[in-house]
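We call the chains A, B, C, D and E, going by the order they appear; numbering starts again at 1 in every chain.
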Amino acid sequence: MFGNDITIPHLLIFVPLIAGLITFFIKNDSSVKAWSLVSAVITLFFSVASLYYRNNLELSGLAFNYEWLKYMGASFSVSLDGMGRLLTFLTAFSFPVIFIATYKNLYKNSKVFYGLMLLSQAGLMGVFLSTDALLFYFFWELALIPVYFLCSRWGGEKRIQATFKFFIYTFTGSLLMLISIIYVYLQTGATPHSDHSFSMQAFHSVALIPSQQNWLFWLFFLAFAVKMPIFPFHTWQPDTYEQSPTAVTMVLSGIMVKMGVFGVVRWLLPIFPLAVAKFDNVVIGLSVIGMIYASLIAIKQDDLKRLVAYSSIAHIGLMCAAIFTTQQLALEGVMIQMFSHGVNIIGLWIVIDLIEKKLGTRKISQLGGLAHKAPVLTILLVVIAFANIALPLTNAFVGEFMMFSGLFKFNIWYTAFALVSIILTAVYTLNMVQRVFYGEANTLTAGMKEISWNEKMILSLIVISIFLAGVYPQPFFDLTKDTVAMVLTRFK
Amino acid sequence: MNAIILTAVWGIVMMFGGVFFKSKATPKYWAITGLILTIIANCHELYYGQPLFDVDVKFMLSFNSFNLTFITVALGCTLLFFLLSGRDIEKVGENVSEYFALIFFVLCGVCLAATFNTLLILFIGIEIMSIPLYILTGSDKRNLKSNEAALKYFLMGAFSTGIMLMGIAFIYGGNTEGSFFINNIALGEGKMPAMIAIGMVFILIAMSFKVSAAPFHFWTPDVYDGAPTVFTSFMATIVKVGGFIAFIRLFENSFGKVHGQWQMLIALIAAATLLIGNLTAVFQQSVKRMLAYSSIAQAGFMLLAIFALNDAAKEGLILYSAAYSLATIGIFAILIKMDDYTIDGFNGLGKHEPVLAVTATVFLLSLTGLPLTAGFQSKFFMLMAALRDGHQHWLVLFAVLCAAISAYYYFKIIQAMFFKEKALDINSNGSLAITENIAPAFKLLLILTAVLIIVLGIFPSLITDWLHYY
Amino acid sequence: MNNILQIVWLIPMLPLIGFLINGLGRNNLSKTMTGIIGSGVILGSFLISVYVFFSVKEGNTYVAHYFDFINTASLKVGFDFQIDQLSSLFLLIITGVGFLIHVYSTSYMHEEAPKDFAKYFSFLNLFVFSMLLLVMGGNYIIMFIGWEGVGLCSYLLIGYWFKNNDYNNAAKKAFIMNRIGDFGFLLAVFWLLSKLGTSDYHQVFTNVSKLTAFDITGITLLLFVGATGKSAQIPLYTWLPDAMAGPTPVSALIHAATMVTAGIYMIARSNILFTMAPATQTVVAIVGLATAVLAATIALKQNDIKKVLAYSTVSQLGYMFLGLGVGAYTGAVFHVMTHAFFKALLFLGAGSVIHAMGGEQDMRNMGGLKKYMNITHITFLLGCLAIAGMPPFSGFFSKDEILAGAFAKNPVLWVIGVLTAFMTAFYMFRLYAMTFLGKFRGTHEQEHHLHESPAAITFPLIILAVLAVIGGWIGIPEIFMHGGHRLEAFLEPIFAQSNAIAAKHEMNHTTEYTLMAISVVGALLALLYAWHKYSKYQRTDTQETGIAKVLADKWYVDELYDAVIVKPLHSLATLFSNVVEKGIIDGIVNGVGKAVNYGSRQIRLLQTGQVGTYVLLMVFGILTLFIIQLFL
Amino acid sequence: MSIIGILFWFLSVLALGSAVMVVTSKSPVHCILYLILTFFAISGHYILLNAQFLAIVNIIVYAGAIMVLFLFVVMLMNLNADSEPHQKNKWLLYIGGIAGGSLLLVIVAALKQTAATTQVVQMNTGDVGLIKNLGILLFTDYVFPFEISSVLFLSAMIGAVVISKREAR
Amino acid sequence: MPVYYYIFLATALFSIGVIGVLVRRSAIIIFMCVELMLNAANLLLVAFSKMHHQSIGMINPRAASDAQIFVFFIMVVAAAEVSVGLAIIVMMYRNTRSVDVNFLNRLKN
């Protein structure tokens, strides 16, 4: 389809990048929106195209390699394996959704806003695509910076402190990861030009002695744990979600947290198998505690955004636990769940954003009885909410089911404990639904209007995808089986 | 060689120029011309491997791709400095061309310090570097701060000179050949004799003083704060990295073999420098002073090179010099334009002067060491060098945590520029945070600098490959 | 293979289509249209079910595989439908009773606005769809899909009138209680998967020998936890009475006839596992019996007509679990069927009464209705007789079979069971008498308003009444008629494995006769006493006291749960969100920042601005370095 | 004890004593005089070591030029004992003394156990220190440093000019 | 004469100089103490030069003379430094009428 010199990975990175840079110079707001939407759609097209390829990368032009820093053995090498395609698709899918859903929002100085959004998309794409450790670190940070500016420029009133905390927190984490990357790099074998190499293959094949793995593991893991986030490194998240503009919150929670999960699967597991096997109990324990902890806190939240934030922590906790079981079943579950979680939570944000736009509040205690005024919104929300509860035939069920059963194979007691969260999830989700949508309308919510066509369209799109993935998840498994196999080879 | 001769000569030219030049603006153009000539000559030497004028220096200097590359970088940064801040030099006082002359002499000193082969040249070079700086620091004669800075700088500088001489004396006495040539000082793997050790520590201290490493950094904040901002920018960048080159040259050639015996000292000094530099910077209100501390912090990172003392360290050090100097010169050039130096002075800059704000952001990000900027690559090289050395991993961890702290204060400025609104009472004349309006050329230069930083951030090989040249 | 049974996918598909049509077209469809579609699709699937049933009856069972739900290297779950005797029987019950109740609803819900009407029917269709999925599923995961689906629908239908927050709470309670049950169910499935790597029924049951006794006991216990949630057994039964908040037909269909029997279906389906886990069976039996008794005692003192029926449902379900527990699987399934008939009948009758009373549910304000609404009265009476276990009504045979099984297992169980049966007879006729006998105690406009319900309501009543009467005759015990127990013969293949293991208990005819006699006579006495006592019931506002009050207040179980589980959980959550989160974890994070600031403020004092100090500090530095270098 | 020994001890004591006086004496003028004395003592040592050239240069440059310059400046500012700022806080004195003393101790202690220090210094013989040799060396091998140090002087000169030139404002 | 004596002497002078820098507050006198330190170094260098001349003078006469040239350069540099230093002190005196180094401490923290 494409020549060897320009491949889909290029397009996925550079279309948003260049489009974003151009956006900064567009004058009027409406054309800015249109332009960025167009670029997002084009990106989506390419990522859809990438889904049609077989898993044989070299043949299908999904991989590309250019010697970047010859004497350091770093190269600009990108490729789309199953997981990569899944997550790039998630990214490419989310941005148009976000743009359309927030199409009516007015951001002052919107050219900068949309420009930064597209840049962050490029960064995310890079993270999911790069098969070179140094490149990966590059994009890892690059995805962060635009988001930092977005949050602290367009966020809520406490935005500066909140996002700054978020930034420092993640920055510290990634610096630790950098050390670990360099250290591993120094253990890798020589290449024609350099005595070490940053390539993913080199990293995956490097043999580290247990003592090294044990401390490198934690350096790596901290970066991902902060990003995901895993209890007890999660405290930046609710504040940041609460303070940042919803469009950015969607990026943060829908895609960015996946960076952490992705990183663990793509880098942490294959590089440090021994350490993983050694510390799995610690990590899984933390994750499982985090699930219950976050779910319990979510019950007490009055701000919708914080509620969703904590629920997200709980879900991510399950993913992390599942990954560290290194059970095939669990990993397969994680793959699909990464996608489903992204879709669902973006759906939730859209609904919250609508409510906030129409009624000017996110406080559950001030809402109620929206169902009379906005039945369509209610129906769609209820579907998304039940997807959040992981009801069967919604996308989240398959993933959670497989992750739990994988966890069960690992250890029954963790599973029993973690499984309590499905009850708690039901509790806070239904509470939320009931207190926001059911009951009698109050003076504030009496003014609620039914949502407009584009919002309906987007939410329906999400709902449809929820059901599609819930009824026929098979494509996801077919897509990602090569990644899972790759990871597991290190644990045989 | 070319660079040394040309800078010296051109310094003299500028000196006499002081008599003949009528307009205040002329010296700048002369200086820029001379500098460009020097750079060309130097690149020619770097490229062809031998100088235009061949002077028999009796092995007292040695030229190789490493120190020639460095000299190129230093001269290049100076050129940028002239271009960006030339007009501000004119504002400092009357004797403009003298200032330029002094700067040229300093450059000559830097070249000597980069190429010295005996302790004698090292000593002279460092003195040539320092003495003009004492004067430049005090050049704002009416300003008591400037006076104070000059006095402090001079007294403590002289003190460190004494220490250095003591060290040289001991080393001379200690080594059996009785030679000042740095390669002859070098002795076997075995444990250093006490006299050499003493001398080494003395010189280590003197060098640490020059590169403002804790606990010998105390002059730095006061001097940088008190000196006229243009010269601060010069001192903090070119001169400091010159000191580092001298440092690494000496310790690599003389004490490289007994690396293990003094590594711990450097590790401690580096740790202390990182800690004090970063920690103290956090609370500063004046950006100028904050940058002074940040320069200490950066020095702490550069010390990692001397800690590691391997190829990566040398490449990294040059890269670091370039990245650090570019960013710092840039940020200072912007700082000079502000009418108050406090962080609040930057409030709302993003709205009123977007170009300045954005470029300033690039510089700050580079200083923080975020990817895509040269600052990242240089820090990356440093960490890699230190890790490759394989001892004292704690130092690397510590350095990284300090880098995280550094983000804390660099981002304060970014926040001020973009996310804070300008309080109108700061200056009544209107919303501009700037004294005079900014020339388009200046903006263009800033943009170029920023682009350069980013290009270096993506392709550090543009500099490091020169080291593989011959 | 090309099997005619492949058309079974139509059975759930029709209700799904109905759901979609009614759901999407709710703003455009007329009520009649909606009613026709809603009931029509169910009728359709009922007819297919009948067809399927008979082809199964000829021994033609089949597992239909449609597509791979999950197909990975580690897990294969096909989207399969298993058509055999058990599922086909349940298909009949669900679609049949379901159809009647749909018809009933068309009239009962007629006051609703068109779109709500449509919403109601779409939910009802969706429920039928999920229920069919549950019983047809060829493996535990498909079953679980249906399992959750019915839970969802019950949530939606209980909260149908969502303006009333009590209803919403009831709905939420139902869902969450079910969720607790799912907790067990899922664990059990995981356990199966991790041991056998599959959840297909036939594979599980054929490889059951691979499981250790511990595994089986664990799995069955966890499955039973799931069942207690869905089928409202101790300790998770409290949601069912509250679920009466929903419209009465819903209570009839979901909370009496079908959904709540899902637990029984599930256990009957995996009977072999339970048979191999005697410990679990004992638990099941005891829990079932305890539930039966407890619910029955509570039912004695309820005055809300639907509440009484609800508790009686719980109690009857308890019976079924007793049956399962003692290994009388056929009896349990049999009772499911008969119970579906007469309990649906009773609920619909009650609905008809409520309808006539204009929404009044308190029996103390009823009375003497038999002269106003004849059909309802007759059918209701038949229903009461059936549930009271009077021969030859259906209830008698099924209940008797369970009791016989219980006696064979352990006479004590039998004794308690019989006592429960007496209580059942008592409260049912208390209900009957208070409602239909005596003189009317309601207000006058209610009295004017009283009338017999329209045909759409009475028609289902009549059908169900007939079934309630004759439904039991397919299971006539051996002692009355040789080969009279056609149901047992029909279900034989399902329970063959279990029966092979479980020792077949043959009790001689005399005992069997005596047992029957005792139960029938006792029930009859209780019945007559209630009739006598409540036929001339007068409204007295005297507060209940002593044990009566405890019963009227349902043994304070809700309050207990609230105190023991809900409140502590909430306080724990408060502790986490206020203390641990803000104070400790975030405190530490911010503490680092504060520490840096503080350190910065302190360390800058080192910079005194005086050369003397600087040099002094430098000299100290020099000394330290010297000492380190030279002496350390 | 040989004459050289006596001279050595005398000069050493003289140097140290006057150095101490430099640090301790109140009036700047006295300090300068004591410093000059110290320099003379050191020059004496040079002569003792037969480094005549340095001895002369030391007296001319240091004791002569530099010290006179100092004296000149002091006179210019007419500083005297009472205008001299004296250290207020005593503990700084003590700490300073202790610090310097311990510096001495540390170095001496470090050198104590080394063999290098047992070597002897060649007294009042040997021609290395003669102007002839040094002069030749200076203009052959050391011509480059010699030249380059002119840069140093130029910068110093310019500096002096820049600093002390009165600015017309 | 053992070189040890000279080392001791020089180090002592050096330390006295350091003490002077530490305890005095008049800029001029501090500067003089620095000069004292320089001279200590000079003395040490000369002593070592003679020591080397004693030990290896036959093989390598340069060894000794190098040091004395070095001392010469030190004096040169010292002279230059003095001119600048005194200029700075005078400038300060002009502005503040004081040579007290602690008098000026606007720059701190």
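Throughout what follows, a contact is a pair of C-beta atoms (placed from the backbone, for glycine too) under 8 Å apart; a residue touches a chain by one contact, two chains touch by 3 or more.
No experiment lies behind these values; they were computed from the predicted model shown.
Engineer: What shortest step count links subunit A and subunit D in the network of chain contacts?
Structural biologist: When the steps are counted carefully, the minimum from subunit A to subunit D is 2.
Engineer: How short can a chain-to-chain path be from subunit A to subunit C, counted in steps between touching chains?
Structural biologist: The least step count works out to 1.
Engineer: Please identify each chain that touches subunit C as well as subunit D.
Structural biologist: Chains that touch both subunit C and subunit D, as defined above, are B, E.
Engineer: When I count C-beta pairs in contact, which pair ends up with more: B-D or A-B?
Structural biologist: B-D
Engineer: If every chain is reduced to the average of its C-alpha atoms, which one ends up farthest from subunit D?
Structural biologist: C
Engineer: Chain with the smallest distance from its CA centroid to the overall CA centroid?
Structural biologist: A
Engineer: Counting in whole Å, what is the centre-to-centre distance of subunit C and subunit E, each centre being its mean C-alpha position?
Structural biologist: 98
Engineer: How many angstrom lie between the CA centroids of subunit D and subunit E, rounded to a whole number?
Structural biologist: From the centre of subunit D to the centre of subunit E is 6 Å.
Engineer: How many Å are there between the centre of subunit B and the centre of subunit C, using C-alpha atoms for each centre?
Structural biologist: That gives a centre separation of 78 Å.
Engineer: Taking each chain's centre as its mean C-alpha position, how far apart are subunit B and subunit E in Å?
Structural biologist: Taking the mean C-alpha position of each chain, the two centres sit 27 Å apart.
Engineer: Tell me, which residues of subunit C touch at least two other chains?
Structural biologist: Residues 604, 607, 609, 611-612, 615-616, 619-620, 622, 626, 630 of subunit C touch two or more partner chains.
Engineer: Among the residues of subunit A, which are close enough to touch at least two other chains?
Structural biologist: Answer for subunit A, listing residues that touch two or more other chains: 168.
Engineer: Quick one: which residues in subunit B touch 2 or more of the other chains?
Structural biologist: Residues 120, 124, 127, 131, 134-135, 138, 141-142, 151-152, 155, 159, 163, 173, 194, 197-198, 221-222, 408 of subunit B touch two or more partner chains.
Engineer: Tell me, which pairs of chains are in touch?
Structural biologist: A-B, A-C, B-C, B-D, B-E, C-D, C-E, D-E
Engineer: Spell out the part of subunit B that touches subunit E in their complex, as residue ranges.
Structural biologist: For subunit B paired with subunit E, touching residues are 119-120, 123-124, 127, 131, 134-135, 138, 141-142, 144-145, 147-152, 154-155, 158-159, 161-163, 165-166, 168-170, 172-173, 176-180, 221-222, 225-226.
Engineer: Over in the complex, which subunit D residues touch subunit E? Could you list them?
Structural biologist: Against subunit E, the touching part of subunit D is residues 4-5, 8, 12, 15-16, 19-20, 22-23, 28, 31-32, 35, 38-39, 42, 45-46, 49-51, 53-54, 57-58, 61-62, 65-66, 69-70, 73-74, 76-77, 79, 84-87, 92-93, 95-97, 99-101, 103-104, 107-108, 111, 116-123, 126, 128-129, 133-134, 137-138, 141-142, 145, 149, 152-153, 155-157, 159-160, 163-164.
Engineer: Would you mind writing out the residues of subunit C in touch with subunit B in their complex?
Structural biologist: 596-597, 599-601, 603-604, 606-607, 609, 611, 613-615, 617-618, 620-622, 625-626, 628-630
Engineer: Going by the contact rule set out above, which residues of subunit E touch subunit C in the complex?
Structural biologist: Residues in contact with subunit C: 18, 21-23, 25, 30, 101-102, 105-109.
Engineer: Mind pulling up the subunit E residues that touch subunit D in the complex?
Structural biologist: Those residues of subunit E that touch subunit D are 1-9, 11-20, 22-26, 28-29, 31-33, 35-36, 39, 42-43, 46-47, 49-51, 53-55, 57, 61-62, 64-65, 68-69, 71-73, 75-84, 86-91, 93, 98-100, 102-103.
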